[in-house]
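Everything on this sheet refers to the single structure shown next.
Labels run A, B, C and D following the written order; every chain starts at residue 1.
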Amino acid sequence: MTNPFAITLDVGSSRANHTGSWRVERPVYVDRLPPCNDACPAGENIQGWLYEAESGNYEAAWHMLVEDNPLPAIMGRVCFHPCETACNRVQVDEAVGINAVERFLGDLAVEKGWALPEPGPDTGKRILVVGAGPAGLSATYHLRRLGHHVRLVDSAPRLGGMLRYGIPAYRLPRAVLDAEIARIVAMGVEIQLEHVVHDVEQERRDGMFDAVFLAVGAQLGKRVDIPAGDSSRVIDAVSFLHQVADDDAPLLGRRVVVYGGGDTAFDAARTARRLGATDAVIVYRRNRERMGASGEELEQALGEGVTVRWLSTVSKFDGDRIMLEKMKLNEEGFPEPTGEFEQLDADSLVLALGQDTDLSLLEHANDVNVRDGAVEVLDSMMASPSGIFAGGDAVPAQRTATVAIGHGKRAAHGIDDFVMGRSAEAKVRHELASFELLNTWYYADAPRTERPELERVRRQTNFEEVIGGLTQDNALFEARRCMSCGNCFECDNCFGVCPDNAVIKLGENMRYQFDYDFCKGCGICVKECPCGAIVMVPEHN
Amino acid sequence: MTSQRVHFYQVGSFAVGNRLLNEDERTVQAQSDRTNSIDSGHRACQGCGEALGARYALDAAMRATNGQIVAVNATGCLEVFSTPYPETSWRIPWLHSLFGNAPAVATGVAAALRAKGNKDVRVVAQAGDGGTVDIGFGCLSGMFERNDDVLFICYDNEGYMNTGVQRSAATPPAARTATTEAVGPEPGNNFGQGKDLPRIAMAHDIPYVATATVADLHDLERKVERAMELRGARYLHILVPCPLGWGSASDETIHIARLATESGLFPVFEAEHGVVTSVSHIRRPVPVEQYLSLQRRFAHLFGANPRPDVIAHLQSMADENIARYGLLQPEMEQSS
Amino acid sequence: MLRQIEGSKAIAETVALCRPEVVCAYPISPQTHIIEAVGAMVKAGTLAPCEFINVESEFAAMSVAIGASATGARAYTATSSQGLLFMMEAVYNAAGLGLPIVMTLANRAIGAPINIWNDHSDAMAVRDSGWIQLFAESNQEASDLHVQAFRLAEELSVPVMVCVDGFILTHAVEGVDLLDQSYVDSFLPPYEPRQMLDTKAPVSIGAMVGPEAFEEVRYLAHLRQLDALELIPEIAREFFESTGRDSGGLVRPYRTDDAETVVVAMGSVLGTLKDAVDARRDLGELVGVLGVTSFRPFPSEAVRDALAHARQIVVIEKAFSIGAGGVLSTDIAIAIHHEQTLLRTVIAGLGGRAITRRSLEKVLDDASRDELAPLTFLDLDQGAVDRERARMQASRRSGPSAENLLRDRGTVSPKIPA
Amino acid sequence: MFQIRIHGRGGQGVVTAAEILSVAAFDEGRHAQAFPSFGSERTGAPVVSFCRFDDRVIRTHEPVMEPDAVIIQDVTLIHQVDLFSGLSPDGYVLINSSSSFSDLGFGDFFDQYHIERLMTCPATQIALEHLGRPLPNAALLGGFAALTGEITCDAIDKAVREHFIGPVGERNAAAVKAAFDYVASKVKEVARASTN
């Protein structure tokens, strides 16, 4: 059909008019650092594995997870999840239950028997890892993936370090612990248990190791000088928990007082309850707000009958009675004695006042700096240019399993660079995906799914796991609460909202591309991107 | 027939697409092979709500009819920016006749199709608010009254934008336009005037009347689909913010449309045979200030000589809408 | 079949024979009978398939026709006077879009003062719209022209207006030989549009055309009308050859060959004129008549040929351009373009004033004595005009002239006093 | 050419009468033309229609200025409308009235006219009798045929039956015949009187 001149036009002819020339700013797709990833001490790509989990690709999610952390079932239980604190969703409703999903994935992997990645091709390099706690296990895993030979030594009869000897089974069932450790061992690791390294330099020379990673933990419970009539009834929490873990629980009596306000104090008090104590009282010199343990842990402990004496110090223990001195907080928030005293019946006193590291093995390592009982390290966790690295509780950092796992990973890469003679690559960190960059209107209103808690009575009498896991549905739901901050999750908004059809959809998992021939630079795509993954940048001539 | 939103799928059904949804639950706009009824290269302003609304509506109609629609267009921005010789942006059969006659032209198209026994091809007529509530009103009312088989879509940007932002009977009170300047003791457009065309349409007892905005694509597409399921005269009134005429940033188009509904100033509902059958509840209520303050056409209500009295008057209009349509009924998001 | 039938009815039946697919109706006198009759046929099912749309205005009527035509349907409507003006925008639009709509215009005066009777002001008001305008002399021709109009419109993609004097023809019952369906079907093939709304081959119809092409678009429309100057006589010839009826064509000369004075006119007055001319011929005067059937396109060449030997041309017009004079006269003047010929304009029959043979003969009398003024108003009541002028001089608030004139004239007194 | 003007009021079938008359003439093989006075008059207002027939083609479209016959459907119009304008002294007048022509109070108006061409006919009464409705138009056409002899009663009868379908046609035809007979007898009466 030949159209009447000018009046009638053929379809699509406007594509000859490149309206991109109107533009003074152009939209550009970016990836931003989600706050969860930013906050994760283990350096997990949380948003990334949640993305897979959202789609129900649990195995892919797990594989992405173990890229950084080989112990998700464990960490899904014991991590204090700073990711959730940082989560932008807090400002919409509640944080995404990242930790719960992590555990779900970890458990699922154990159940399905998913294997960790194969070790890398053998490099011929030998690495000594001292300490089989989370830092050591993490380093071992990453070093194996990099193809290095690892000898993992520990003074204890079993692997796990503080995971096994510091965390009670009701928080971390041993089967889970064993299963995840076994997966690492299965990568081919030379293991030496009940072996104490006295001199790291000697050990290194004897074993011809190219590098050493020290992950010796903080195994020494801090003691304070408390006048005590019968010192046999005073025990430090680390030892207490260790003995419980070795099925050799000490007899503490019916009335147990735990002195301290950290997680360990709570672990000890809750463990005491389970061992038959009728009274488990935590004595803490500050108030609830300044407590080191998490609110979650406090709630659980209170629910199990543990009581807390805030703003109190133990001044004397005479065998059946403890003398407490009441404290008050000064203007700086530090506790000060008041001179008021009260008594508390007690059969035993557990000291949970912190731990020290035994660094005697470094006596001959002259180029390692130790300050305030901790090994000083570079970003790469290198403690000595001769190839000694350190991490976990032995270095100045927050003493958590998650931090330790992060150290292990970082140290493994530092060691890899060192033994392979490479200089470390500076990692580019994306700009943070802050809440203001999001358009949260688009996210469905969905409150967080709570994990089921074991009923209270059962919790007081046995070491069954207190916190249950998510069902598959719940996990999927929880994963889908992720707002994918700063990273395109293919919601098609930009593709849809462009008045000029100037967005090209590249297909599943390939995201989009702007058609700058037609984009007029209105910026609607930026404004309506739910996750803040587009920015406007000025056009250059 | 009521819609059920998809919940909890990260962006549920609020975003355009959602890889987590089944293909058939995603919008037409999420499809790589959508029609793009109005194609790239059109000369609409940056951030034009009307260009967006037209593509949303027509692409949805194309899907609903399996590609069997013809469109009639009134004179106006949409027509001018889409078909300047020698280029057209339309990928569908499209006819422009005059400013005030689109409903009647569409009647003619429908009549011709009926005479030819063609039941498959459906007719969509479209106009701006001027072409709908003012100059085209007589023809529109006639088309409604005869119940001609036409879906008429009004892209309401609340004024004569094509001619340089003059007042129409759809311009809201207090808004500044070139013919209702922000001067004098009662600046901007008068209160107590204007036409509520969706309600007038309902008074014709036609099979379907609905309102929608470019801020809720799923809702808009569902309404187009519903409209195409029915025969007879159907009316869809879509709020399409105009960055030029409203004095808003080009990237705020969808945001402002959202605030129009969330404030209650633009009720989103649907009605069949004159009876309201569903309303879109306000999800996150906002005071009208939030909506007004993003638009320079209301700037005289703020700034150096603020007019809280006028804002309160506008708020009372929003409140009346909220009461009339029950826009604040118990939150449906979790319950359905 | 020859039938004694009302003009409107004859037109309606002929239109029905043309198998229109969409007919839109809005009542306005004196067109109403046509559309009523078509409506009855659609309702009865004798005209099918056909959609009969009762619209809410003439503007809508033409708009519906535009939509229908653009969708490939044969579309028809009818109107008069104010109705044509009310649809004017759409009238231009239909032509601009090249849609072959056929419309009957039952010619009627345009108010104010409101007047329902016949003259040609309405047709003249849209002469520049791009429509072909054909004027019928009788109801026979009015009927026949509709068949030719559809054929012409569709061959050229130009809308055609068949102008029929309101009341005088539309309401007159005369003998009309109606065509039969098989003949019309053979004369008028099914409509094959040059462009249409088609989902299989989408196009955008009705683009905005700027200065870069608008002149060309207009010139192309002009060329199509020039094509019509070829096609109109061709179609009329074909029609004549098959029916034996001399309907349509560009112009209709009557006894002009040796005429010194030729009266030019359009529409139903031609019959009365021919009677008058015959009477004058009987007296030995050399007078003739030239009927203009195709007003748009204006057949300048045919007019020039027909008037080549005339010494004096008298144009009788049922409309005029206020402040200027004759409308048809202007076209005639341009067509003959030589100044030796006397060109006289007689404005007659405005607002339904009867044009009597007696008055026409008086015009011929005056013409024969060269006493006809360049612009004459036939049967004008000069006294009434003078008195109103005087009233307007006398008082600022002289009131509305139309009502004053009626009062001035008084009621027509019965000759039989009560 | 024979030209007729019919006067009446809106609603009395004045236009129909002219049309039927033209059809009757057409049926008899003549050329005929009928048309109304192009008004917008409503029910009850004075209305005029015209009819002309001829053996030759009728080209003119001027109104009937000089009728050969005038039919008055409503006698009350006499003092309101110029009913006889242009009527030549040889013309016919037929008035719907039960009074006699001379009793209608024309004074000397018709002195110059042929008395046998001036006639009344009680058409309304006849219509009431045959139709049950006061519609005198068809009956008057029967009277017109009898009065003028310009058209046959049969032609009128046929045209009336064409126009009014079924029983209505029958009844109108009966009225036509009755009026024809009435006027025919009156015409004979007058002829007899004038020869006496």
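Definition applied: a residue touches a chain if its C-beta (ideal position, glycine included) is under 8 Å from a C-beta of that chain, and two chains touch if they have at least 3 such contacts.
For clarity, every value in this text was computed on a predicted model and none was experimentally measured.
**Q** Closest chain to the protein's overall Cα mean, using per-chain Cα means, please.
**A** The most central chain, going by mean C-alpha position, is B.
**Q** If you average the Cα atoms of chain B and of chain D to get two centres, how far apart are those centres in Å?
**A** About 66 Å separates the centre of chain B from that of chain D.
**Q** Just how far, in Å, is the C-alpha centre of chain C from the one of chain B?
**A** 44
**Q** Which integer distance in Å separates the CA centroid of chain A from that of chain B?
**A** 49
**Q** From the mean C-alpha coordinate of chain A to that of chain C, what's the distance rounded to whole Å?
**A** 92
**Q** In chain B, which residues are in touch with two or more of the other chains?
**A** In chain B, 82-83, 85-86, 88, 90-92 touch at least two other chains.
**Q** Give me the residues of chain A that touch two or more other chains.
**A** 6, 9-11
**Q** Chain pairs in touch?
**A** All chain pairs meeting the touch criterion are A-B, A-C, B-C, C-D.
**Q** Residues of chain A touching chain B in their complex?
**A** 6, 9-19, 22, 54-55, 441-446, 477, 480-484, 489-493, 495-502, 505, 507-508, 515, 517-518, 520-524, 526-528, 530
**Q** Enumerate the contact residues on chain B facing chain A in the complex.
**A** 6-20, 26-27, 29-30, 32, 36, 39-44, 46-49, 51-52, 55, 82-83, 85-92, 217, 243, 249-255, 258, 283-284, 331, 333-334
**Q** Using the touch definition up top, name the residues of chain D that touch chain C in the complex.
**A** That would be residues 18-19, 22-23, 26-27, 31-36, 38, 40, 58-63, 65, 78-85, 105-106, 109 of chain D.
**Q** Within the complex, which stretch of chain C touches chain A?
**A** Touching chain A: residues 96-98, 157, 194-195, 201-207, 209, 213-214, 216-217, 220 of chain C.
**Q** For the complex, which residues does chain B have touching chain C?
**A** Contacts found on chain B: 67-70, 72-73, 79-80, 82-86, 88, 90-98, 100-101, 103-117, 121, 138-139, 141-142, 145-146, 148.
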